[in-house]
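In the two complexes that follow, subunit A is the common piece, with subunit B as its partner first and subunit C second.
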Partner chain A sequence: MTAQTTALPSKRRQAAGPGHPVSIPGRERQRWLPWAFLAPTILGMGLFTLLPIVASVLLAFFRWDIISAPQFVGLDNFVEAAQDPTVRVSFVNTLVFVALAVSLQLGLALALAILIQERLPSWLRVFFRSAFFFPLILSAASVSIFMRYLFNEQFGVVNWLLSLVGIPAVPWLTTPTGSAAVVILVYVWQNFGFSFLLFIGGLASIPVETYEAASLDGATGWRKHLHVTLPLLSPTTLVASVMAIINALQVFDQPYVLTRGGPGDSTRTAVMVIFESAFQRLEFGQASAIGVILTLIIMAITAAQFRLSKRFVFYQ
Partner chain B sequence: MTTLSERTAAPATVTRRKLDWGMVARIVLLVVAAVFILGPVMWTLSTSLRSAAESFQLPPQFLPLNPDFSSYGQVFKQLNMMMLVLNSALVTGLIAVGQMITAALAGYAFANLKFRGKGALFSIVLATMMVPAQVTIVPVFMLIRGMGLSDTLLALILPAIPTAFGTFLMRQYFLGLPGELAEAAAIDGASPWRTFRSVYAPLAMPGLAIVGILAFNFHWNEFFRPLILTISEQNFTLPLGLVSLQGNLGTGSISVVLAGVVLSMIPALVVFIFGQRALRDGLTAGAGK
Partner chain C sequence: MPGSYGKLRDISRRTALSALGAGIIGATVASWPRLSGTDIPGRGDNSLSIAIMGTAADAAARQRVVDAFARVHPEIRIKVQAIQAVDWKDFFTKILTMVAAGTPPDVVYVATEGAQLFAEKLAHPLDEYLRRDAADMREYFSDVHPSLVEAFMYKGSLYQLPIDWNAANMYYNTAALRQAGLDRPADDWTHLDFRATLAAMRKARPSDFTPYYWTNRLFGGVVPWLYANDTSFLKETKAPGGTWLWDTFYASDPSKSLRSGGYQWLEPNADDPRVFESFDYLRGLVKDGLGVRPEEGGGSSLIGLFASNRIGTTPAGGYWVQGLHEAGMGENDFDVQFFPRWRSQRHQFGTAGYAIMKTAKDKDAAWEWVKYTASLDAMRLVFPTPNTTPSRRSMVNEQLYAKTGPKHWKVFYDTLDRFPTTGPIPAPAQQAAVETALMKNVSLAVSGDERQLKQALDSMQRDLELALRRHA
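After this line comes the complex of A and B, so read on.
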């Protein structure tokens, strides 16, 4: 029924016991065989992932515009990045964006997952589940294209709807706060379905007996969810929030198409700054340094979250 | 919220005949959410079916009563739509097939073959999943340039074929298949390659479908890499072409841009309708416990 339990039958089996490497007597001479299977992936990843990771870290210590020879500059790129007002503002924007978008995304996803999981005709459940996860399959660029029209100040549908309840036209894409709000709303609109799917899987793994026991003890309604659902769901919540945070830290498509980072620098994000310094200003070293900083932030947040989980997550 | 879920907490006290107000309230909330989610898509579809002159009109028409398909013709005139579709199809198709083949091979080796350094190698493969693509894009761009592939479709295809996630997924899938099959095949005298090709690979088709569908959906929608790795319009993919169309045109042709957007959604929609289960399974597979 749920994604997680049926996703890969292998997972359950794997949990039951280790794999089963096949040893075939008399075929020892084919030592190279596994490497033939692995070659495309290993060579490809070595060339297009591992080498670039190493190069990216090295490049962060050089000044290079592709045309002239690279020049070693020590930590200059990092120092300059830390002092550059645009870089600083874009990192602050990114962190504020992550905080707001991820809380909204997780809250919405959890609420809807709980609503859909309770007694409901099954065709309705299928309909709502499909509807909520539908935006996830669309292109963020295309979504941002049509959302830009929806949020247009003069002829957009959003302001028209607001006018029906007497709210004057909101300058969505021309003010810093408005633009930030649009980027967050459009991002959450498209991505909450992912957290929603994870929560549905998590909810399905909570045994029904737990709720029955809670009911016998007199727990009803939201109290039941507060004392039963939330603690038992905490492993899922952790995974969902780590994934949501990591994805949100890399936001690019929505602000690029919706606002190009403006007005001013109000919606410029970390990845947009990497893109601009590398491919518009040809400061490849600088771009790599900012990329390294972003990666370190991602790693730190991930590590912190798993640390925290030991204290707060309730495993059955 | 209290009334919403009381029903399930104490179902025994509810007589069947009574209208279940908790359920009604829940359905109302869910319908409101669904309207917010599907509304913008419906508006996009209906606006693409209005003539360019009417596309600014308010109040908006959510139901296209007099559909006007001229925008769909226009988008092919104003944009090299055929080329964009072909580019996107070629890039996504080749990436999907390439990922399925390489992931099947590597996943099988990690699951069923014995070799030295397997654990360490697999950890490295998993670790690469954590490094964001945006961070490696600068060296990838230079590598592509060094290989003389700048501004070609191969620049988009080649780096996307090796897949850590697909390898992980296929390893899990192969681990779920019984190991006795390989023993039986070996007794019958089948070579390890034959065992993979004729016994395991056919059984792993559902797993491969997940890898292919995810790759297709991701790369069909991809914007960041094409933006950087392609320069001339003849190598643009659909999302890039549509964004540039919106940029080039002033106001006046919303419906034309939106017609392009709607067309670009069709393949994703087809995948959604026929492969929803695989999509859901694949998307959540990485989060498994």
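After this line comes the complex of A and C, so read on.
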């Protein structure tokens, strides 16, 4: 803003002539003009983000099935959600999913980023960057439908490949362990490319001199990564983990298409329960209540991450 | 002129941009009615909007009926809205979203899965129209089995006229049966005969083949086995009322005494010993490699697998015939038989028909559409090929299956005649919650030991209790 107010009047001063002050209407224009430029974004955010959030929070205190008029029920929706075993299981599933999927996603992304950045020629790096990012631009639903065929117990390619080395057919999508494993694998395969790109960027920003200094101090191989790469990459790791956790807490497409939350409730996630409550059972109030609870959990976890970051994140 | 030139010079780039912005906002505001009103099908004119599940191609396929209707009722304009959906549950969700948005269609093609949800909340009963036009409607009812009509009765009123339907019969691959050294099963084959058939198929083809393929869903999953064992996962009762309809249109029907004011599913029944027995039977098929562990909603790949001779048997309705034909199966490559008998040979069926919405602008016009589409002329236009079973008995004939098979196509309609207690998919108004409660426990029930089966059924009972307590 400072640059704008000092740079722009100079032209006007030239037009008005030396010694002439800038006119009052001109100053007023400068005051509202930034707001005019911001207005579409503010309007869009207000209409499509803020308003739905407020409406959703309010709706959590009503019983509403779309067809009849909403009925105020106080905290009943929150109480019912807390008492519903399916809701409780879905939250536990979601947290377990986040722990496993995010660890795998970040670990894989970091390992591959170090490997590719260090060991591969630049032209191959470009190829792998694109290849690992590619799944992210695909529709999660399409990928999940495709994966569903691959992991079919009787006719899937995965079991056919396993049969070539003498491994019997694995019931991937019809047992709790198998279906959870497939959901996590498909999710990680599709999402680790983003974390990978963040780590590649983070690695590129670490000064070569730091590694040279570490070498002079006698550090080799993985010790260099342990004592140089990981600490200097910690700001990137923080960003990558915050984004990965927020995304994973909202997982829906993969379990919905691959397993519909089954067998039992083994792969049912919090967002699936929100969807089922709202759009299949027409309990929009309870869906909103579960949404509010999930939002609070996301906010708490994110706040905890930033609090912990003060201890573990090293800024150069 | 120098003065005006000076004023022009005063117009800065910012002023010009502000003017442009104001112009864009003004133009948007001015064009607003065009963006929100008449662009929505059926709004802004007097058209009757008809929602069907399907693609734009499906809507186009109905155009012949729309054109024919226009010749009979030139005063009524029809707009068909095809709504793509994964399954009926998904379709109903989208209709409800349209209701919430304030743009409900006037008429919706609803299957059994949503019949009671619509009857309870959204649809207008047809009783007054049926009474008024009873003389016209006699021909229709004389051609349609009362079991199908009863499926659309709710609390004594009729809400839809069945247009098409499908029972869960048993399809089999004739080559697989031959390879197993077996003949066509008898009409009254039992669940033990069925198991023996699967075992023989497995012996003949030990690998890359599944004797019994089934999916975990409300139609064709575990329910046909429950019905055959004279039970269900919900307690089935019947509502009083509806006598006027049976007296008017089915006075001389031998099964008239069985008819009622509609089905009711008010309590769970997963703790019934017969339910355990049926699940245990299926668990045995899975354990012995005769049947698959059922995936949820995995029906889409089934035609391809069956047509490539990798499946021996599967439950399905008449809707499968055209698909198998298009997938390359000859008329003698597959056939169909009644579902195996257990304590009964009651079958499960699903049916569909048009429901008039309570919010329909012109209900009389909507009734004319419902009535016309139930006519023989209209149904002949809609069902030129066997991609479903028409509700009219007279249309389920040799001509319909001449190019496609199966040889024993009569099984389709005979299911209703031979087994008059054959009943609809158990779908109360809380269908979505009930379906979820059923499906989520089926895989666990049939995939482990007896203890796991017991736990899964206990869980199903609890989930169903909760689902039925919920508001629909």
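By our rule, the second predicted complex is superposed on the first by the 279 of 316 C-alpha atoms of A that agree within 3 Å, B and C clash if a C-alpha of one lies under 4 Å from a C-alpha of the other, contacts with A are read in each partner's own complex, and residues count from 1 in each chain.
As a convention for this text, a residue touches a chain if its C-beta (ideal position, glycine included) is under 8 Å from a C-beta of that chain, and two chains touch if they have at least 3 such contacts.
The structure displayed is predicted, hence computed values, not measured ones.
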Partner chain(s) touched by A:I67 [first = subunit B, second = subunit C, both, neither]: second
Partner chain(s) touched by A:L115 [first = subunit B, second = subunit C, both, neither]: first
Most subunit A residues touched (candidates subunit B, subunit C): B
Partner chain in contact with A:S234 - subunit B first, subunit C second, else both or neither: neither
Partner chain(s) touched by A:L33 [first = subunit B, second = subunit C, both, neither]: both
Partner chain in contact with A:P263 - subunit B first, subunit C second, else both or neither: second
Partner chain(s) touched by A:F155 [first = subunit B, second = subunit C, both, neither]: both
A:T210 touches, of subunit B and subunit C: first, second, both or neither? neither
Partner chain in contact with A:L282 - subunit B first, subunit C second, else both or neither: second
Overlapping contact positions on subunit A, where the subunit C interface meets the subunit B interface: 33, 66, 148-149, 155, 279
Residue numbers on subunit B that touch subunit A, as the complex places them: 1-11, 20, 23, 26-27, 29-30, 33-34, 36-38, 40-41, 43-44, 47, 56, 58-60, 101-103, 105-106, 108-109, 111-115, 121, 124-125, 128, 130-132, 134-143, 145, 158-159, 161-164, 167, 169, 172-177, 179, 182-183, 186, 192-193, 196, 207, 217, 220-224, 227-228, 238-240, 242-243, 246, 254, 257-258, 261, 264-265, 268-269, 271-272, 276, 279-289
Of all residues in subunit A, those that touch subunit C in their complex: 29, 33, 36, 63, 65-67, 84-86, 148-149, 152-155, 171, 173-176, 259-265, 268, 276, 279-283
For the subunit A and subunit B complex, residues of the former touching the latter: 3-4, 6-11, 13-14, 19-24, 27, 30-31, 33-35, 37-38, 40-45, 47-53, 55-56, 59, 66, 108, 112, 114-116, 118-120, 124, 127-128, 130-142, 145-150, 155, 157, 160, 189, 194, 197-198, 201, 211, 214-215, 219-222, 224-225, 235, 239-240, 243, 246, 249-250, 252-253, 256-257, 271, 274-275, 278-279, 284, 287-288, 291-292, 294-295, 298-299, 302
Subunit C - residues contacting subunit A, complex: 14-15, 18, 21, 89, 93, 96-97, 99-100, 121-122, 210, 213, 216, 292-298, 301, 305, 310, 430, 432-433, 436, 439-444, 447, 456, 459, 462-463, 466, 470-472
